[in-house]
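Both of the next two complexes hold subunit A, though its partner changes from subunit B to subunit C.
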Partner chain A sequence: MLAEAFKFPEINAILRWQDIFTSFNKIALIAVAAAVIGIVVFLLAGNKDAKVAPKGVRNLAETTVEFIEDGIVMQTMGKSGLGWTPFLLSLFIFIYLCNVPGIIPILQMPATARMAIPMFLALLVWVVYNGVGFKHQGITYLTHTIWPPGVPVALKPLVGVIEFISNIIVRPFSLTVRLFANMLAGHILLVTFALLTQSLITAETQQLLLKPMAILPFFMLVFLTAFEVLVAFLQAYIFTILTAVYIGGAAHPEH
Partner chain B sequence: MLTIVNHLQGLTHLATEAGVEAGEGPGPIVPELKELAWGAGSFIVFAIAMRFWLFPRLKAGMEARYAGIRADHEAADAERASARAEVADYEAQLVAVKAEAAAKVDAARQTLEAERQEQLTALNARLADERAAAAAETEAAKAAVRDQIHAAVADVAGRAGELATGRVPDAAVVARVVDEVMAR
Partner chain C sequence: MEAFSMLAQLTGDEEKAAQAASSAGFAYGLAAIGPGIGIGYLVGKSVEAMARQPEAAGMVRTTMFLGIAFTEALALIGFVVFILIGL
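Now for the complex of A and B:
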């Protein structure tokens, strides 16, 4: 009876969402909401008096800006990379706000657990850092990328292939999959333990001990929900810092 | 418990809510065009707004405040340096005044010492004079007393000799004898 109650849904049933209106589903809603929330927060922050000590929404916005500048840009690109702060800031906030709905009741779905948004962002980053490479180094960017300085001539063919695949092909793929797979795995874990808890609570059974056992997957669900808060932040941070590293490496290959 | 169940249903009634049947739609790793379009559009709008509007406004405010704070710090540093210079100046003046005071005290002390020595010398001289005068007076008094005693003793001795011998002794002899006895 319990086995019947605990029937895991098809993967698409926990990932694909019915359109709210034509070509606009929950993922699109979360993406739009992420952009709108980001814009509203920074708009409100910008309207506050900048001369006094920041608090509330302005404090939040300034803390985020300083986190990106001090924690990511200065660490990976140095002072010359500060011009990239708005892009990296947008990237971090957008990814974080797309990740967080995975633990928000009613929404309960990270937009990045679908392939589209991570893939778009990774491709955008790929275009940006390659563009920066060509802009700063010209055509030599390609040779610097596939043949790092100091590689013996005999090894150049082998290293060239490895570096080309690593830097040009694998990077956007790894950026996409890292974000997408982490968020998808988290979402599936939450669904799994929620289903297990619900199945135990609502099971029509004569075994008296079965229903109290629901506390075990429920605790796991609570723990994983808290863990997903960390994962949401961490994945946004990792994506952003790798972007900064790629752009910094393309702009200044000597580093 | 009912609330928990409702929350769980929110998370688990996905298939029903989504209206998606098993196996419907592309695979879970295939990007859907509508999600791609909305995601890309949202991010591009957000990034452009951030680049040209939101970030510059916020950053300008931050920079203005930081500049204000830096200016306040510099003003505070200048005030501190000025205060330190004033303290150093005051301390230098204090050292000079102390040195001047010490010199004056030394000079006054030397003057006082000289005056003290002078007065002491004068006092000692006066004391010596007075002591000499007193000694002379004492010697004179002693001589007068001795003469009176001599006269009294001579008188008594003469009278005693007279009583013993029945004759009046010679005054010169008595006086010589009294002199000899008193000189012992």
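Now for the complex of A and C:
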């Protein structure tokens, strides 16, 4: 029976790899590579002559910076937020380069599909936007976050609890889970369809139609890989834009 | 029918694992209903807005992605619960 031939591997088998050396595995390797590639590309671009027309690496870097400025900072924080471009740019590049190995052959593993990297990034963002809030508004930041202006006095206890939970506790949690679960779900989908294709091809069966049917999950696999290209970009974009929204909201509470 | 007769023979840990697997499926299915409706409604309205005012498309798209991110989080928490109790 096919159902018996098709065994889904343990979740650890999908997500782990042999340790290269103690406590340094594929995920750490991808994360380090992502950081190094980002740094090297932007250092190379920074060393080019700024007066001539950009090409090659510099073109790529300028396009990315422009995308962050026009697509994220100007849309959410306005002109006063342009100073945050370097931070948001590093976040975006790092998350994107961590996501993309999910569809690169041989690597086939998004580093953000483990909880640690998204959680650390979300905690970093949490520290940053709370710090910005205290810096710009002083101690009134606390009352502003807990009670948005215009709340009736009778509702203050209820609104206070709700706003505190949603702004202070749920935000980093949902940032983490959004990135992590999206990448993990994509990875598991790819694994599922790859395994389905393999088990249909290698199935020991007398029915002639069964083996050619492997084309169906294979098409799905190709389609999902293309979809993951989009998801890798979209999740980096969403993480960055939410960071921008949180920082903007902490710096200027009126809007 | 074969599956049901197999279920009847399960004991102890096996039965627990079977229950965990089926409730994980239910949990994810239920968690996907609300966000599914929400994202459908959200994107539909955004497309309507973009069709009416193509010059505001950029702003609408940004806000749409924000809304999708917030709505989608619920379904993703359901997915994480599915992983936690099902596997």
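The criterion applied here is as follows: the second predicted complex is superposed on the first by the 254 of 255 C-alpha atoms of A that agree within 3 Å, B and C clash if a C-alpha of one lies under 4 Å from a C-alpha of the other, contacts with A are read in each partner's own complex, and residues count from 1 in each chain.
Everything below uses one rule, namely that contacts are C-beta pairs under 8 Å (C-beta built on N, C-alpha and C of every residue); 3 or more make two chains touch, one makes a residue touch a chain.
None of the values given here were measured: they were computed from a predicted structure.
A.B. asks: Does the superposition put A:157 against subunit B (first), subunit C (second), both, or neither?
C.D. replies: Neither partner.
A.B. asks: Between subunit B and subunit C, whom does A:11 touch in the aligned arrangement: first, second, both, or neither?
C.D. replies: both
A.B. asks: First (subunit B), second (subunit C), both or neither: which does A:184 touch?
C.D. replies: So A:184 meets both subunit B and subunit C here.
A.B. asks: Counting only touches as set out at the top, which of subunit B and subunit C does A:197 meet: first, second, both, neither?
C.D. replies: First partner only, subunit B.
A.B. asks: Comparing subunit C with subunit B, which touches more residues belonging to subunit A?
C.D. replies: B
A.B. asks: So, A:120: does it touch subunit B (first), subunit C (second), both, or neither?
C.D. replies: Only subunit B; A:120 stays clear of subunit C.
A.B. asks: Return first, second, both or neither, reflecting whether A:111 touches subunit B, subunit C, both chains, or no partner chain.
C.D. replies: After superposing on A, A:111 lies in contact with subunit B but is clear of subunit C.
A.B. asks: Touching A:237 in the superposition: subunit B (first), subunit C (second), both, neither?
C.D. replies: second
A.B. asks: Could you tell me if A:56 is touching subunit B, subunit C, both of them or neither one (first, second, both, neither)?
C.D. replies: So A:56 meets neither subunit B nor subunit C here.
A.B. asks: According to the stated criteria, A:131 is in contact with first (subunit B), second (subunit C), both, or neither; which is it?
C.D. replies: So A:131 meets neither subunit B nor subunit C here.
A.B. asks: Touching subunit B in one complex and subunit C in the other: list those residues of subunit A.
C.D. replies: Shared contact residues on subunit A: 10-11, 180, 184.
A.B. asks: Which stretch or stretches of subunit A touch subunit C in the complex?
C.D. replies: 10-11, 71, 75-76, 174, 177-178, 180-182, 184-185, 234, 237-238, 241-242, 245
A.B. asks: Which of the residues in subunit B end up touching subunit A in this complex?
C.D. replies: Those residues of subunit B that touch subunit A are 1, 4-5, 7-12, 14-15, 17-25, 28-40, 42-43, 45-47, 49-51, 54-55, 57-62, 64-65, 68.
A.B. asks: Which residues of subunit A touch subunit B in the complex?
C.D. replies: 9-19, 23-25, 27-28, 31-32, 34-35, 38-39, 42-43, 45-46, 48, 50-51, 54, 58, 61-62, 65, 85-87, 89-91, 93-94, 98, 105-106, 108, 111, 114-117, 119-121, 124, 180, 184, 190-191, 194-195, 197-198, 201-202, 218
A.B. asks: Mind pulling up the subunit C residues that touch subunit A in the complex?
C.D. replies: 58-59, 62, 65-66, 68-70, 72-73, 76-77, 79-80, 83, 87
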